[in-house]
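Mind having a look at this structure? Questions to follow.
Chain lettering (A, B, C and D) follows the sequence in which the chains are written, and residue indices restart at 1 in each chain.
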Amino acid sequence: MSFLNLTRRGLIQTGAVAGAGLALPTYLRADAHAGYTNAPTGNTVTLGFNVPQTGPYAEEGLDELRAQELAVQHLNGEGDGGMMNTFSSKALKGNGILGKKVTFVTGDTQTKSDAARAAAKSMIEKDGAIMINGGSSSGVAVAVQGLCQEAGVIFMAGLTHSNDTTGKDKKANGFRHFFNAYMSAAALAPVLKSAYGADRRAYHLTADYTWGWTQQESIAAATEAVGWETVNNVLTPLASTDFSSYIAPVLNSGADVLVLNHYGGNMVNSLTNAVQFGLLDKEVNGKKFEIVVPLYSELMAAGAGANVQGVIGSMNWNWQLQDEGSKAFTKSFGEKYGRPPSNSAHTCYVQTLLYADAVERAGTFNPCGVGEALEGFEFDGMGNGPTLYRAEDHQCFKDVLVMKGKENPTNEYDTLEIVEQTPRAQVEYAPDHPMFAGGELGQCNPGA
Amino acid sequence: MFGIGKRDSTLLIIVAIMALFAPFILNPFPTGSAMAQFNAGYPDLMQRFVIFGIFAIGFNLLFGLTGYLSFGHAAFLGIGSYAVVWMYKLLDYNVIPGLFLAVIVSAIFALAIGFISLRRSGIYFSILTLAFAQMMFAISYSDLIGRFLGTTITNGETGLQVYTSDPQILIDDWESVPHLLGIVEMRSTYTLDAGAWSFDFNAGYYFCAVILLIMFYLAIRIFRSPFGMMLRAVKSNQQRMNYTGLNTRPYTLAAFVISGMYAGLAGGLLASMDPLAGAERMQWTASGEVVLMTILGGAGTLIGPVLGAGFIKYFENIFAKINDNVLHSWFAILPDGMEDFMVTIVHPFVGKGWNLTLGLLFMLVVIFLPGGLVEGGQRIGRVFRRRDRNAGSVEADAAKQRNPAAE
Amino acid sequence: MDAILLQILNGLDKGSAYALIALGLTLIFGTLGVVNFAHGALFMLGAFCAVTVQKLLSLSTITLDETQKDFLGRPLEIKTPYVESWFGPETGSLIIDWSVPLAILFAIPVMLFIGYVMERGLIKHFYKRPHADQILVTFGLAIVLQEIIKYFYGANPIPTPAPSAFVGSFDFAPLLGLDTSLAYPYWRLVYFGFSTLIIGAVFAFLQFTTFGMVVRAGMADRETVGLLGIDIDKRFSIMFGIAAAVAGLAGVMYAPINSPNYHMGMDFLVLSFVVVVVGGMGSLPGAVLAGFMLGILESLASLNEVKAVLPGIDQIIIYVVAIVILLTRPRGLMGRKGVMEE
Amino acid sequence: MAILEVKNVGKRFGGLKALDNVNLSIAENTVHAIIGPNGAGKSTLLNCLIGKLIPDTGSVMFDGQSVLGRKPFEINQMGISRVFQTPEIFGDLTVMENMLISCFAKRDGAFELNALASVASQRDVIEKAEHMLEDMKLMDKRHMHAAAMSRGDKRRLEISMCLAQDPRLLLLDEPTAGMARADTNNTIDLLKQIKEERNITIAIIEHDMHVVFSLAERITVLAQGTPLVEDTPEKIKGHPKVREAYLGESQDAA
């Protein structure tokens, strides 16, 4: 055995030399001293925007892409500057990043881990992208985050709401601006209690995949803490399009609240089906029956139409916020694209600026330097009030919005209204919280 | 040579040369140029070309020869990937044990699924294989077995990956990514800059390419063997086979298992290049993709499936990345109005519209080239080689064996 | 007990959708011998007929309201649908409210036409081609159709509500003398009724009209009917149109149940093939029977009591049933010998 | 001595009695014809002999072994080859390949996983196949796709493939059905030649009296699922029962 080991190690030593000899030139071809993947050469730097462009989340991906394009414009000093004017850090000057003009490449995640990794790899290997930004599912975020860790580039996660992204699957090269299931639940529970009372019996329908599980776990724990009882939790297949057979039994279960731990098409359909069954018109246990959707998005609300009316949920950000940052972003996005930005657009926009800012402050594109600049970074002026990128798990902490479907929308974008802006302190948790346990951030990897 | 005929040797040598020089062939445009968008010579895509080539070759051994259309082959692809990642988790990052396990496990599954499904033929067989694969997809996607046992088998939708807490009993300090026997890391890449051009030579790609060549060689051997002839006989006339004293079942089952092993190997290689195994690799869309690859390239031909695989993967990875910015840069030389006009015209077909282009090409190919891309190649070949028509193309035989009228 | 009744009811409703789609598919697949991967796309086109009618009826004049502001602080645009200005607000909004049933009138000619054109322009040339080629061309067509819809309507689902008269649910419990609730949505009951009507109509058409009789004869033995000097090809084109219309109508009425999106056809594609094959190739009654059977079994498998014993069974029940049936009955429930078995 | 012994075989399809107490014995090295009007049960009987159908009663012994319950390929491997009414050949394969398959089946049995050996290296099989094609005058067509041949050639190929297996019993099911007169005569000549050159038992089911009387040494007449009479052709020709049951109507039909 030891002989074998020796041989192996011997092989490896020669191998390591050969490997290094093979590996080095790729990443160092431009700047022999940089020592990190895709060190930018010349006067441009390339960002990689990896969003779903086909498949069910294509519309969301499109909105993310719009925001990212806008961010690039602002970084390059075009347009009105948007949130760069309200951002508390003043490192960005509108002359690109570190004086290099920003260009970008795009990829299609198809909302599939494989395709997302292929697209990210192509941007890293072929186009020399220095960072990857975007996406709209937790599975994809975890997959691409792992890839970026291995490749040695920074990953800004886009829309990913699963606890795992900065929990058991967290990575040193990955950062998440979006909130997570735990924070949604922590923000929602008090509002739900005050709106519907403490004596409620909740029936959960949960999409049968990682995000659904963590969302259900979080909201159940938070609502139980305010006195609610969880009557049942039913896992629904992701591929379901018709949720009638899961909704039919709800009325006879003795529950008076239905919690839909669904996202995207699942949520649009399950909510539509639930309203069809007339759940919202019923009275159970002497109380009006209610539906809760822990994670909302503008596009889902648009897809579900009138069915969202009166239904409470949470969001990372909304264009109706009245702080200066949100107003500036909504204005410049609205003027360019004729529509208000979605919360995933906001996340991707902010992440692009934050990345650029971190590079400026670190004075290098080296992911380790950038990571260091982002870790523990506190700032304001990007919507959601004072914000922290926590060093321990790279989760962002900021105010969370509790939303409600608007009863009488005046136009197609006016589907949701802000019920409460839950302060950051209320949604914070310890880095070693059991729902986030199991993973390790590891060391930052600069690649080559 | 190598126990195969002259034409087949020629084909094998051509494929070998193409594989060897792929980094040059696939990167014909200077890096900075507008056309560089069409370059496909970067490690990830080159790896995908050969891996899906292996998958399609294997699928063709079943479908192209016996005519049995499996709609669940992606199940074996997924199994192969899971097997390799499990070996990473239990042993270390060496890819070899995992690849062996991938082939063995996929063979076992193929044996079981094939044994049951091959009791039926035609569309009934297709639906049986589809049903098995979709079941396996659902089970993996929600990790039903893992949940039942209270542990993790597939890690659900996130995909199976290596955590530092895994046993990894053979791990050494230097190991952090998949490697071949400790000799070379799969991601090692040497980049050759030649003037405005740049070419990537990636260890993982060459590893896959060598395996592709071996698998291609084996496929040639199978095609030209009595066994391969029997498989074509199955497709042609099962009744006559039975009354010629031949038992069709073990032939089809053997073909199914071999082709499942190819798929398992391909899946294993995917995880060898990129240490992650996701459930969507098993979904019916993935099974459908290999069917399309094979038909598109030319079912029943040797090289067709490889071409089909390359074609589809090229569109998925190259066309999807062409956004409006790129379009504007292409047409920048035109006057402003013309530029915008051209961008508007091309816009629906690229970027997020890449599916549309692919769909249209499927239709065009099948309408105008009934024998798939191979037939296209032959037609071009015929134009160039009118003088010695008799020599024919290497693929002519195989193409002719396509069923002229299946009805 | 009430839970089981409710699931059976729900299964009938789901099953009616499956049956309707499978019926159209069988008309093409089991009779013309064409593997039509674009059938799901036809269903999707039907649903988008409903969306289109809703959008057309909602075409509006725009006036600016200076007292209200939009999100950029500009005067708010107030939209008044033309139909409201033509017929008065009440009749106008009633027309918009009933856009889905109205869409049936729109969808029938449109889908017949699409089906007819598809057959004449494309499918016709593939009758003699291998099934593999049919798969490739119809799959390509399905992608093209859904990408076209995506281009014009976007990827997001579009809410297409049923008339407000059908909002809410009907409680069967008092009817059956049960003391719990057995509520089922009105629109789904309508869907069930509509599907049975269409299924009945198709069977009646094939059974009692000369046209139908010729087509049935052609299904059984195409050559002989051709020899009789009957232009069977033309009738088959019309059958293709009818199959498309059946799929389209299934889609129109489905729109209020789930907001239509461009890939809904692909979601139904695999399922509809399973239904048709379980029913047995070439058998219309088989397709209908299998549709209802799978719908009911799927619903029953999602009973909490069942899931407690077999977690995840609802995800795989369709496939388990398909495997069991195909292994015990070689040609599905009612399949004919020799159809798509080569 | 009898190579095939059919005893008390009966077969019903629902209410229809297709075969009723059939006894038949085919002697080695003879050409034995089974004739009878439509619906007499000829095809049913044949299918019982080759494993496609299993009779309800009775036994079928081939060379002392029962064939009942065996699968078609097993019965073939016992030494019974069958020629179909419409030639069953591998249409997508070349004539040579058709012949090779037959030869491989003879050499390697029902299944052999020789996936890596090249066909070209199997000299013994190739020689045998070529020899057979030469014998049967198909050598010049060996590169043709079998489906592209004339009906007569397809029949010739099918018979050759059966012969390549050196069967002990060759079953022919209306080998000239639907053929032009010239093709029919060719087929008759071919079968005569086979009969003369090879030690082989031939059982032939035929409608066409011309074929039957040109070839058969013994004839069994089947009517309504049961054997009416068995004798030499000369005797059968004059047999009043046969005339009554069969010949009168069939001469026009042929």
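Just so we're on the same page, contacts are C-beta pairs under 8 Å (C-beta built on N, C-alpha and C of every residue); 3 or more make two chains touch, one makes a residue touch a chain.
In this text the structure is predicted, and so the values were computed from the model without any measurement.
*Asks:* Just grab the chain with the largest centre-to-centre distance to subunit C, centres being mean Cα coordinates.
*Replies:* Relative to subunit C, the chain whose C-alpha centre sits farthest away is D.
*Asks:* Which whole number of Å gives the spacing of the CA centres of subunit C and subunit D?
*Replies:* Subunit C and subunit D have C-alpha centres separated by 52 Å.
*Asks:* What is the distance, in whole Å, between the centres of subunit A and subunit C, each centre taken as the mean of its C-alpha atoms?
*Replies:* 35
*Asks:* Measure off the straight-line distance from the CA centroid of subunit B to the CA centroid of subunit C, and report it in whole Å.
*Replies:* About 34 Å, centre to centre.
*Asks:* Counting only residues that touch at least two other chains, what does the list for subunit C look like?
*Replies:* Residues 311-312, 315 of subunit C touch two or more partner chains.
*Asks:* So which bits of subunit A are touching at least two other chains?
*Replies:* 58, 62, 208, 235, 237, 239
*Asks:* For each chain, which other chains does it touch, given as pairs?
*Replies:* Applying the touch rule to all chain pairs gives A-B, A-C, B-C, B-D.
*Asks:* Sort out for me which residues of subunit D touch subunit B in the complex.
*Replies:* The contact residues of subunit D facing subunit B are 50, 71-74, 76-77, 81-82, 84, 88-93, 97, 100-102, 104-106, 108-122, 125, 145, 147, 161, 165.
*Asks:* Which of the residues in subunit C come into contact with subunit A in the complex?
*Replies:* 2-3, 6-7, 10-11, 13-14, 17, 68, 70-72, 76-77, 150, 154-159, 161, 167-169, 180-181, 183-185, 187-188, 256-259, 261, 263-264, 267-268, 298-299, 302-304, 307, 311-312, 314-315
*Asks:* Hey, which residues of subunit B end up touching subunit A in the complex?
*Replies:* Contacts found on subunit B: 39, 42-45, 48, 138, 141-142, 156-159, 161, 163-165, 172, 174, 176-177, 179, 181-185, 187-191, 193, 198, 200-201, 203, 270, 274-276, 278, 280-281, 316-317, 320-321, 323, 325, 351-352, 354-355.
*Asks:* Can you list the residues on subunit B that touch subunit D in the complex?
*Replies:* 3-5, 218, 221-222, 224-230, 232-233, 235-237, 239-248, 250-251, 254, 258, 400-401, 403-404
*Asks:* Along subunit B, where are the residues that touch subunit C in the complex?
*Replies:* Per the stated touch rule, the residues are 63, 67, 69, 116, 119-124, 127-128, 130-132, 134-135, 138-139, 142, 144, 147-148, 284, 288, 291-292, 295-296, 299, 348, 353, 355-356, 358-363, 365-367, 370, 402-403, 405-407.
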